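Listed next: structures, encoded as structure tokens.
Two complexes follow with chain A in common, the first pairing it with chain B and the second with chain C.
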Partner chain A sequence: MSLTSALSIAQSALFNTSRQTSVVSRNISDASNPDYARRTSIYSSTNGGARISEIRRATNEALFRQNLTALSGWQAQASMSGGLDTLQLRVNGPDNATSPAAKLGVLQEALQTFAATPSNVTLGENAVEAARGLVRSLNNGTQAIQSYRAELDAEIKVSVDDLNRLLAEFETVNKEVVKGTRAGSDISDAMDARDSLLKKISQYVPVSTVNRPDNDMMVLTADGATLFETIARPVTFTANTTYTAAMTGNAIYVDGVPLAAGTGGNTTAMGSLAAKLQMRDVVAPQMQRQLDETARGLIEAFAETDSSGANPLAGLFTWPGGPALPTSGTLVEGLAGRITVNAAVDSEKGGDPKLLRDGGINGAAYVKNTSGAASYSSTLIAYTQKLDEPIAFDPAAGIASPRSLTGYTADSIGWLEALRQDAARGAEAKEALSVRTATALSNEIGVNMDEEMALLLELEHSYEASARLMSVVDEMLATLMSIAR
Partner chain B sequence: MKTSFISSNAIAQTMRNHMMRMQVELVQRQQEVTTQRLADPGKTLGARAGFSFSMARDIERLENLLDSNGLAANRLSATQNALEQFSNVSQDLLSTLTAAVSGVSDTSIVRAAATRSLESVTSILNTNMNGEYLFAGINTDVKPVNEFTAPGSPNQAQFDNYFQTHFGFTQTDPAAANITAAQMNDFIDNTLIPGFMGTDWQAAWSNASDETITSRITLNETAQTSTTANSIGMRKVALATAMTSDLLKIPLSEETQKALYTKATSLVGEAVADVARIQSEVGVSEIRVKDATDRVEAQIDLSKLFVNEMEGVDPYEASTKLNELLTQIETSYALTARIQQLSLLRHL
Partner chain C sequence: MSLYGMMRTGVSGMNAQANRLSTVADNIANSSTNGYKRAKTEFSTLVIPSTQGSYNSGGVQTTVRTSISTQGVLQYTTSVTDLAIKGDGFFVVQNPSGQPLLTRAGSFVLNSEGEMVNAGGFRLLGYSYANGDPAATANGYAGLEPVKITQAELIATPTANGFLKGNLPADAPVLTGAPSATNYTQKTSLVAYGTMGEEMLFDVYMSKTSAYDSSTGTGVDEWQVEVYDRATGTLVPGGTATMTFDNTGALTAPATASLALASGQTIELDLNDMTQLGAPFDIADAAMDGAPPSTIESVEIGTDGVIYAQYADGSFKPLYRIPVASVTSPDQLQVLAGNVFTESPNSGPVRIGFAGNGGMGDIVSGAVENSNVDIAQELTEMIESQRSYTANSKVFQTGSDLMELLVNLKR
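For the complex of A and B:
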């Protein structure tokens, strides 16, 4: 009965073609979906004609992992770079215009002008206003840094919640994959979904995966903490709503293991969470320490001595511990947020700016201009000189000491800009890597429209041929029947 | 079986990424061309940004110094001008007194000349500029010299007191007419000169401080940029004119008058020399301020050059790059359009 078998082969060819067409149309419809892996139909020959034995999903495990790592690195670097830009803008301002360094320059100029015409009390008022500007810059800088840390905490909280949600989804999808594999059904879609989830997870934390029988997958962080193993492991974090300089942020726990922060401008952090931890716990506090040291340096530089040149007490700038001076060369945490212009000099608080010229902020024993002469400039000149003389700074703030206060503030700008430069360069390289691996991966597993169209043409032809075959067999059978009749 | 493969998504993505990167750079270059300064100096300079910032800050401080040096220079040239006048008045007085010594002048003429000189000298020493008294040392808000001729002035009272203490009677006492030349010399040498040259001067005559104004003329150099009415020359002129105008009220004998004139002449003569010394001191300060200003200007130029080298952008280079980018982007647009056309679909 070869005619009947020809007919049945043609029929199965038609069936194959339509099945293949559905694969092609699926490929085409998902051509622009970056998470979609191309499917191909695999034939196997049987004695009743060819049969589609399997729909195979294109994969490249090595490239996929590379892409995940690159993605983590880039996300971390992008967070870092963005965070540094935010800090720079909020604390130092555009072109560093609101930085303590710039405000110190303004104060120096105001003192210089006042020293040139000490008899002009308006210029004294102007110098005190410059001092207020400097204090505002330090106070606002502290506030900006601490509120930024609180904002980071809020962002981390949102990310951790999202991560937990992704892990829960991963659990569902993974279950589907395992079940499908055991049942032998098509799991391609579930696999796509799982890969897509992995990509999303790796934006928050670096992942490494372990494949297990039945396409089951175990997900670990790069440090080895378990994110997912049969069930999603909890990622926990408690956010602080407010921060002070002395506060340390809470850690992020992945299945009970704390997540480590990155180091360096071109950060070692992988995933945005580690980078945010780095910004919150390393970079922002360091910047705060530099502001604190600047504030301490100011109090020290403007300290007043009595007529014998001894017993220095806080002068133009003071702090809650005043009039005693903070210990030289030792960091006082959060000082930049608490430094004030001495009320004795501040005209807004009923003080007298002339004390800046004459001395005596700390009482009669500290008066330098005993005759009260209007053009006495020595104290003012001494102040401007003092700002250029090296003093000791706490090495904990990360800037070489001894340094003059003016130099110190400029170095602080240099420190931040060096970090930004490193971060920007790193971001460029890591973005390029991530784009390259994504392109390479897409080239491996993605869809090419032209190929699919060509395939479609082929299918069209084979469909026509099979149909033609059927009609020929039909004619032949009809002829046969008419003979028999 | 395929040898190489590219996905449609990758083609589109690559194009998009490139385009985005070019557009980001385009904005930066555009800013650089218009401002001729790096778009983000901090990011480009890194750690050196601190250095360039402190340079820029120094430039502002130095420019501020130029202003204050201008103030000091003005004060010094006004002082120089006043000293010139002072010297002229002293010279005039000297010639009047010299004539008087040789006995050709009337007493009233000499007295009037002395009084006039005293008044001019007082007003010169009380010169005020921008609300500051030039000869007050640092005590610039108080008039440096009291007016001798004003009624009830402390220096007149002090002078009367000197006379009374020395002679035991007042200038208006008839006994005053009998003062001999030797007595007059004794009075001047042992009472008036020690009184005027000592601390009594500041008690009754002058409110000026001995300390002169210190100004910062460069970032690390200070100079004395004013002078004081307490210098020896000014005291001597004040003494000579005060005693001549006051003691000539007494009908003194000719011999005593002559002794008085001789003493006054020598005092004024010494004073002229001393004022010349002060003039040269002020001149030295003027030159120091001028030199400092020149140095500061040179420093500003140098610093500006440094800042410009670090933060500046070569306008030609920037605009060339901008043009290149524009061409690239345009090419890219054209290519995108061509690639869009390049689809098998259009041929089926």
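For the complex of A and C:
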């Protein structure tokens, strides 16, 4: 028995060493792959020499879950921060020369200049031009906000399609894992693929996982809706191609349960989908409401009263519901998109800018400068003062009321900036957390090149030793053969 | 006393060594035969009555023994149908004419009929699971049939049981209006398999229907569970249950929904592990048994000798159980061609049991048992035998020379 069994043990040692070498080389080749977890080979001893019984994959469930959560948070915050930057650039930023606040300043200045020299018709024309600029700013702002919402819908649709594709892939990989576990084959690669898919899914929606027997996994969103259980659940969403201010967007359904949007600048949203919903349904509409309230304030500030000081009607600025004024202190949705410069004063539409100085946009009964004096300026002065007088705004727009119109437009910028700062600060913190957990996870389950190289040296030696053993046994048998002649 | 007697003794010695050399030759030839058991020769004296003054040389008798009970080294392979026994016992196989035999040569492969056949052409026998859990017939081959694995067989297991384990939020407001598929507090869904193995998706809606009022101390926390079939969007008959929670968040009474499907299938959905604590909605674990229709993907053999079919979805089903046979004196079994053994009068009757039970060895899948021959031992024995043979021939030659001398006395 002895020599033959020594040979077979040496043979199995060679086999083991070569298998272990293949594990080490796999580790080294995937060292820079962030989705790869380190493998180790586990020995068990048998009567014919040791045998590699399993290839074990390094895992740290707690860290992995933490990493998923951090990833969801960061993705949400990054989407949020990016969205707010877009709104700031397109509509309402402090350095934005076309923002309603800047345009209102221009109008106020033009009115003051006109009031100083009321006889100068060119200055009147300038004031009307400034009013046109303000209207353009409000109209364009509305359009920008609504087209941004439509863009978000398109982005959400792409994300949802991608999410469904990821879930379908997850189903395939999960099946492989379950089957491999039951059959006892090496499932490390499938587990790597599954973890990598989970990371991708968690960028869209926050996930919590339930481990079931045979390494089967159930994936739920953080609020309990099923994403995957044996089969992938559908995530459905219908995108709107155009938006108006009064429109509400469609919800994203995960297995029939609507996905909740986040709240706040340092958003509570997890995953980019919830953050995009928040931008579309909360932030952008809020901004729209502020523009609408600005528009309503303008119509109200430039309203004309008749000679008795009663029956106010829309003056310089009017709207489709004019000449009646919109209800004071109540939001009219989409007003900023519909506000216009009154045709009666708009020289481009055949109007007379002088009506701004004299009154009478709404007919003879509303004429203030009854004597037709060229130096009459009290209406103009009243207008400029009105802009700084506090008026009531709808609290639904989210800015404290009463507030002057100039103050209100400045506050609107301040509101967006505060939100943006919150979001930027949150993004920094959440990115740091995500990077930290990823590093911790990689330290725990990643490949350490030094360790692998040391192991490789060891393997080389043990291979040499086993080979030497074989040659010694071979020599012994040869000696025996030479005796038997 | 007689020269002839001495010559015959030399011949018997040569015969004995020739026998021994034959076993050595056999052993060396079969040193790589899986399941081969080394043959060895034992000698005993043959004594012829002698008187005080005259010695009659007798001879030597040869007995061939086989070291059947000595374990060979296990060699691991990559085929799961390669089997080896670690410990005592034999596989029960059948020759083409149907006679049951014993062997330890376990390099089985599937033949065209799905039977497991070893290198000697013998079919493996086992007990079928077709009629429930098999029991070994202790003292005979009754009930054994050739193991037959047909890959094309399709099976499906309909769901019978499921469970849902998780937490319902204690602070959820009471639902206004009757609970339905569109009016609910929380929802989840589960996959089940029908009588034909078809996938069915059930939506489980949970609605809080009443709440405990801490200010007045009245009312109970009650949740209504409704199970809807997603394909039809209708409430499944029997798919309702009421969960009532006490003030520790545990169920006051067991809650189970018994889904009675149109196909006659019933599924028991166990809700006994649901809690109602002051935490968000959460599913901690949920599952339904059953399996979709699938074909045999591969075969697995456990150390207890159960042959499992692994289906494409990964589930297992036992097909056969391979018994392990043993006899009182394995070394006395009669050896037949093809590494098989059969009972002899001296070996004792065959006992059949299962691997790992009552002194029987374990079945190792993915390994074969090498022969228990050691070349070094055989070679040394061969040299020894060669020298003995030469010595015996010298005895014969001496007798012959003396005879020649004797014959030449007379001229």
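Some notes on this structure:
As a convention for this text, the second predicted complex is superposed on the first by the 480 of 485 C-alpha atoms of A that agree within 3 Å, B and C clash if a C-alpha of one lies under 4 Å from a C-alpha of the other, contacts with A are read in each partner's own complex, and residues count from 1 in each chain.
What we mean here is this: a residue touches a chain if its C-beta (ideal position, glycine included) is under 8 Å from a C-beta of that chain, and two chains touch if they have at least 3 such contacts.
Since we're looking at a predicted model, the values are computed, not measured.
Of the two partner chains, chain C is the only one touched by A:226; chain B is not. Residue contacts after overlaying the shared chain place A:89 against neither chain B nor chain C. Of the two partner chains, chain C is the only one touched by A:484; chain B is not.
Put simply, more of the residues of chain A are touched by B, taking chain B and chain C as the two choices. In the superposition on chain A, contact is made by A:255 with chain C only, not with chain B.
Applying the stated contact rule after C-alpha superposition, one finds that A:97 touches neither chain B nor chain C. Judged by the touch definition given at the top, the superposed model places A:343 against neither chain B nor chain C.
Contact with chain C, but none with chain B, is seen for A:8 once the two complexes are overlaid on the shared chain.
Residues of chain A touching chain C in their complex: 1-5, 8, 12, 46-48, 51, 175, 178-184, 208, 210, 212-214, 218, 220, 223-226, 229-231, 233, 255-257, 476-477, 480-481, 483-484. Across the interface of their complex, chain A is touched by residues 31, 71, 73-76, 86, 166, 186-191, 199, 201, 203, 280-288, 297-298, 300, 310, 312-316, 370, 372-377, 379-380, 382-383, 386 of chain C. By the touch criterion given at the top, residues 2, 5-10, 12-14, 17, 42-51, 53-54, 57, 60-61, 64-65, 67-68, 71-72, 130-132, 136-142, 209, 211, 213-216, 219-220, 222, 226, 343-345, 348 of chain B touch chain A in their complex.
Contact residues of chain A toward chain B in the complex are 31-34, 38, 88, 96, 101-102, 105, 108-109, 112-113, 115-120, 371, 373-378, 381, 384-385, 388, 406-407, 410-418, 420-422, 424, 435, 438-439, 442-451, 453-454, 457.
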